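Notes for the one structure printed next.
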Amino acid sequence: MIVVLKQNPNEAQLASLMDWLAEKQIDVHKSVGTSHTILGLVGDTAAIDTDLISALDIVEDVKRVQEPYKHANRKFHPDPTIIPVGNTTIGGGSLTLMAGPCSVESEEQIVAIAKQVKASGATILRGGAYKPRTSPYSFQGMGTRGLELLKVAREETGLPIVTEIMDASQLPEFADVDLIQVGARNMQNFDLLKRLGRQEKPVLLKRGLCATYEEWLMSAEYIMAGGNHNVILCERGIRTFETYTRNTLDIGAVPVLRRLTHIPIIIDPSHAAGKAWLVPQTAPAAVTAGADGLIIEVHNDPAHAVCDGPQSIRPESFDALAKHLYALHDFLASHPAPTLV
Amino acid sequence: MIVVLKQNPNEAQLASLMDWLAEKQIDVHKSVGTSHTILGLVGDTAAIDTDLISALDIVEDVKRVQEPYKHANRKFHPDPTIIPVGNTTIGGGSLTLMAGPCSVESEEQIVAIAKQVKASGATILRGGAYKPRTSPYSFQGMGTRGLELLKVAREETGLPIVTEIMDASQLPEFADVDLIQVGARNMQNFDLLKRLGRQEKPVLLKRGLCATYEEWLMSAEYIMAGGNHNVILCERGIRTFETYTRNTLDIGAVPVLRRLTHIPIIIDPSHAAGKAWLVPQTAPAAVTAGADGLIIEVHNDPAHAVCDGPQSIRPESFDALAKHLYALHDFLASHPAPTLV
Amino acid sequence: MIVVLKQNPNEAQLASLMDWLAEKQIDVHKSVGTSHTILGLVGDTAAIDTDLISALDIVEDVKRVQEPYKHANRKFHPDPTIIPVGNTTIGGGSLTLMAGPCSVESEEQIVAIAKQVKASGATILRGGAYKPRTSPYSFQGMGTRGLELLKVAREETGLPIVTEIMDASQLPEFADVDLIQVGARNMQNFDLLKRLGRQEKPVLLKRGLCATYEEWLMSAEYIMAGGNHNVILCERGIRTFETYTRNTLDIGAVPVLRRLTHIPIIIDPSHAAGKAWLVPQTAPAAVTAGADGLIIEVHNDPAHAVCDGPQSIRPESFDALAKHLYALHDFLASHPAPTLV
Amino acid sequence: MIVVLKQNPNEAQLASLMDWLAEKQIDVHKSVGTSHTILGLVGDTAAIDTDLISALDIVEDVKRVQEPYKHANRKFHPDPTIIPVGNTTIGGGSLTLMAGPCSVESEEQIVAIAKQVKASGATILRGGAYKPRTSPYSFQGMGTRGLELLKVAREETGLPIVTEIMDASQLPEFADVDLIQVGARNMQNFDLLKRLGRQEKPVLLKRGLCATYEEWLMSAEYIMAGGNHNVILCERGIRTFETYTRNTLDIGAVPVLRRLTHIPIIIDPSHAAGKAWLVPQTAPAAVTAGADGLIIEVHNDPAHAVCDGPQSIRPESFDALAKHLYALHDFLASHPAPTLV
């Protein structure tokens, strides 16, 4: 950690800061310049609240050198983590395809789609039972009944299920869900994250609409700090000034996160775009960038889906896309991107 | 609502759309152009899910003409709403000052600050018991004990209290809080909003870091649709590309919201900037823009505050600022901004 | 075009608007609703300035239905355009690799790099003679001498050259440049665009840091409206809230632009990231998304490059990357992404 | 400047860096930690290109401590600068009102508006002769004839004139303009900035749509480094995710810039909002925040303005607004915002 002092800092205050740091067993290296004095802090600085130091009258600026996350940090866990989800795993070089409708609408619908996406190569079934909708007047999901129907579809196909939790009070209902999704709007619902850290089911943590990589990893850290290391990150588009697409898909997040963390990274091309026709173009790009998997909305009747129809593709399209993605993944396995020399 | 059709739409699909709209008692006016056909939909279109129409193959675009919020809409409630909070009110032309520390730290601290800010003219005491912190390793607030100490400070001063709720499960503890704050990160925690709509305490709804005005008003609508019309909006800075300040304070939100809604609007200049020295400059600008009040962080020892010290001002500074703000508010009451001719 | 009127519009003003539109041979279809009246305008609405209509007291909102660009619009030119650049072409299914240093530094440097990137498969040499630098105290490029050295390198290798123009007054010097680059900061330097439209050299138009797709295409339209249809678009990262990378590379821009325009689309993965190690990850993703080419910074001694060293890769790395990109492009040629059914 | 080294840096490379810094007479203070080594660089670091250091293999990060601008830096020029413009001045505690139409349309129009705004208290006349328009098909301004008409209006009223330059080649025509405006889209047109630095007319430098404070000040530095210290900054709204207003007016920019620089700061409330009805609300807030002046669009017939009608106010409204702003400015002169204790 680096502390930049103001010009001519009050000596008594500076001595008090030095004592406080010494107490915390932090070594301080001082560089005195003409206009600024710089303190280099060395030791376990992760435990120091930078806000406390910033607030001092004598301090102009405080800059962290080390990442504030530990469990999620690749520096301390160089090998990629592989997360078991039901009868499958995510991470470690394989390509996971999760597919299914935005919302569960009926047993007939979810079972039919589950069978189709399984036949096409999906290994996890997605489907919303509780839906976060901007408007209180929009369909809010089937709730408990939706969860039951997902389990019926799992029974019928063997596919593990992933579905979104909206509130910690729903956790008992999610005890039998294979992968619990935290939506973008709840990425910093810290109480929910803490509760998810105290149970064992793996968590698919979507990136908040305007969350930085570091904030996102800190949210993963909340779950991991509680003891649950089964976290998977999911990029689903960030909010920018561009309004042609619903969000801007940050495909570069994949290699960045690969460097910063050992946690698997999934891309959601459907929500990012909000336009189904973009999915067959962006999904392969995500695979090429090194994503561990994709989560794709598939609906057998997008024009009558009760929500998010515009971004769903039909099972036939998913079938062709899945074949394309697996072929591309195979090609890349034998033709890896070069590393820099 | 306006529906733009693709060129040469399939006739059968168009007929099916027309029938579906007729069923919903929507009148359709058709304008046929050389490259596009436009449908003007007239009737109670708020109940129509635009996503359903967007998903149709024949549709190029759907545009809403009417705002999707009703209870919050000024068109249907032209008079400003005045919200009772404990022994005071917010809105309707008065200026409300809420002040207090970021976090409750001790009885001595919160009572001392409460007395000071009351003497300076604050009418509501703020203080955090549960704190949303980016890092799981940062101080998370005193919790239940913090709430108790806030009540002690209320007892001592008579000031109503405002404090942040983090999760619906904390609601019983908040039964005796005068104004329940929903933080920026929970602005779209829809389960929490629904629960707050089913109780009667007024709610201070902060704007999400990247929430549009419409999304923010839709979150207010969630609370109001549940039956609780005691909602107050609080702008606290939005996330932009600028990193010099923590966030960019959107002072223009005040007149915009004044036009869109009848709900009171509060400005938080402390969190927006993250720099205490900006508060005495931006707070008066917010009053001038017409804000119904301000929520300001005040700490008797900012350099040793357990959180957010850099943005807190001392009680002496708050005293001078409050006098300035009230004088300015009086001036503006007798010198209102002109309306356009 | 759609005009939404306010409630109870002044009849005289409405009549005056109707007359004005009739004069311009625009047909108007009126839909009267309970709260709004909607006018559907049909005819050559591209020539109507929406601002004029928005300014009317009786108008609440104006929405365009048709894109405001014509020459750049794929609707009117469904086939992809292939642009000749020196002895090569860009677009139409081939993959173009442009490579070279950020700045030309010496004859030895530029010739050596040119030979290396040509041997690796690059077909166009990039190199900066005039450099847009945020600080007046940073190296501003070699200028005229830099242009001369680029031509020497072209002579030695046969590679056409692409380099950035900063001001219209430099045009005579660029008469012999094969592809003239307009930088992100000049994307809306309309005088420069007009001048480039009145000459014949192809133009590589970079996207502004916060330009929407439509604004970018309108800048292309400026050049094309002048008569020069040899325009190539280049996405180089947009400005977002994320600060870990210099900019956020919008790979989704490729399929979006492919749908909106017939103009070739190039990706610059070097400037987007500002980190060399990201280039081998994002460049293949861009190829997969369907980019017509890439422009990549290559330096034989990045640690001593006079500018932008952190994002340059070495010739050896470029060699491996180029092989990878061509192999991937070949694979995709025989395994195209599916289209939706 | 602070250099953070990677773990176990190559010794030879480190020695080479130390030698290079010593040559430049930079003192280096080294802090060795368990995971990182930090170098504190002390001396005239403004002349060091951080990119060169970032590019080194052994370097993880480089952070500037000192601002990269000098002439514009308030640290070196604590007193506010007062800029003479024709027969008036800008800065130093006075309030400057610039007013006039978006575009000059006719002698009758510009002279009439000039007389009206002068009578209302404006001290500078604004008016566009050359207009930056997103579309090549929109009205581009009257050009030379527009400049002549502005001078006629100056003759008639005595008001100095401010108008926008689009390209350095127009400079001879601007020799007799009192204040030369650089538009947001040209804020980083470095050739234009350099040319403006080599002449003496004052420059009104608008903030780019997504320019940081530092980039904006660096653009001012370009002009000042050339010898022309007559620079005035103008905030006109930044681009954010919010689309209800055209841009988001950053009123907080005023106190921030006041701290960073001695240059006067003007606010343009008209372009920021794109909605005339917001101007009477945001303009007073800007004055309260400490702006040195405002530039406001006034048109005697906004509904028939040839451009930007929706954001223009009528002369009668400007008259009421100007009175309000001067009264507010007087009030604030006798009731200054408190400074922190």
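Which chain is which? They are A, B, C and D, in the order written, and residues in each are numbered from 1.
Just so we're on the same page, contacts are C-beta pairs under 8 Å (C-beta built on N, C-alpha and C of every residue); 3 or more make two chains touch, one makes a residue touch a chain.
Because the structure is predicted, anything quoted here is derived from the model rather than measured.
Visitor: Using mean Cα positions as chain centres, tell me which chain lies farthest from subunit C.
Guide: It is B.
Visitor: Is the number of contacting C-beta pairs greater for B-C or for B-D?
Guide: Output for the comparison: B-D.
Visitor: Measuring from the mean C-alpha position of subunit B to the mean C-alpha position of subunit D, what distance in angstrom results?
Guide: Subunit B and subunit D have C-alpha centres separated by 31 Å.
Visitor: Compute the distance, rounded to whole Å, between the mean C-alpha positions of subunit B and subunit C.
Guide: Computed value for the inter-centroid distance: 39 Å.
Visitor: What are the residues of subunit B that contact at least two other chains?
Guide: Expected reply: 210, 239-241, 243.
Visitor: Would you mind writing out the residues of subunit C in touch with subunit D in their complex?
Guide: 46-47, 49, 51-52, 54-57, 68, 132-140, 166-169, 185-186, 188-192, 194, 209-210, 215, 218, 221-222, 225-226, 239, 302-310, 312
Visitor: Okay, in this complex, where on subunit D does subunit A touch?
Guide: 2, 4, 27, 29-36, 38, 40-43, 60-61, 63, 65-66, 75, 210, 239-241, 243
Visitor: Please name which positions on subunit A make contact with subunit C in the complex.
Guide: Touch list, subunit A to subunit C: 210, 212-214, 238, 240-245, 248-252, 254-256, 258-259, 272-273, 276-282, 284-290, 313-314, 316-317, 320-321, 323-324, 327-328, 331-332, 335, 337-341.
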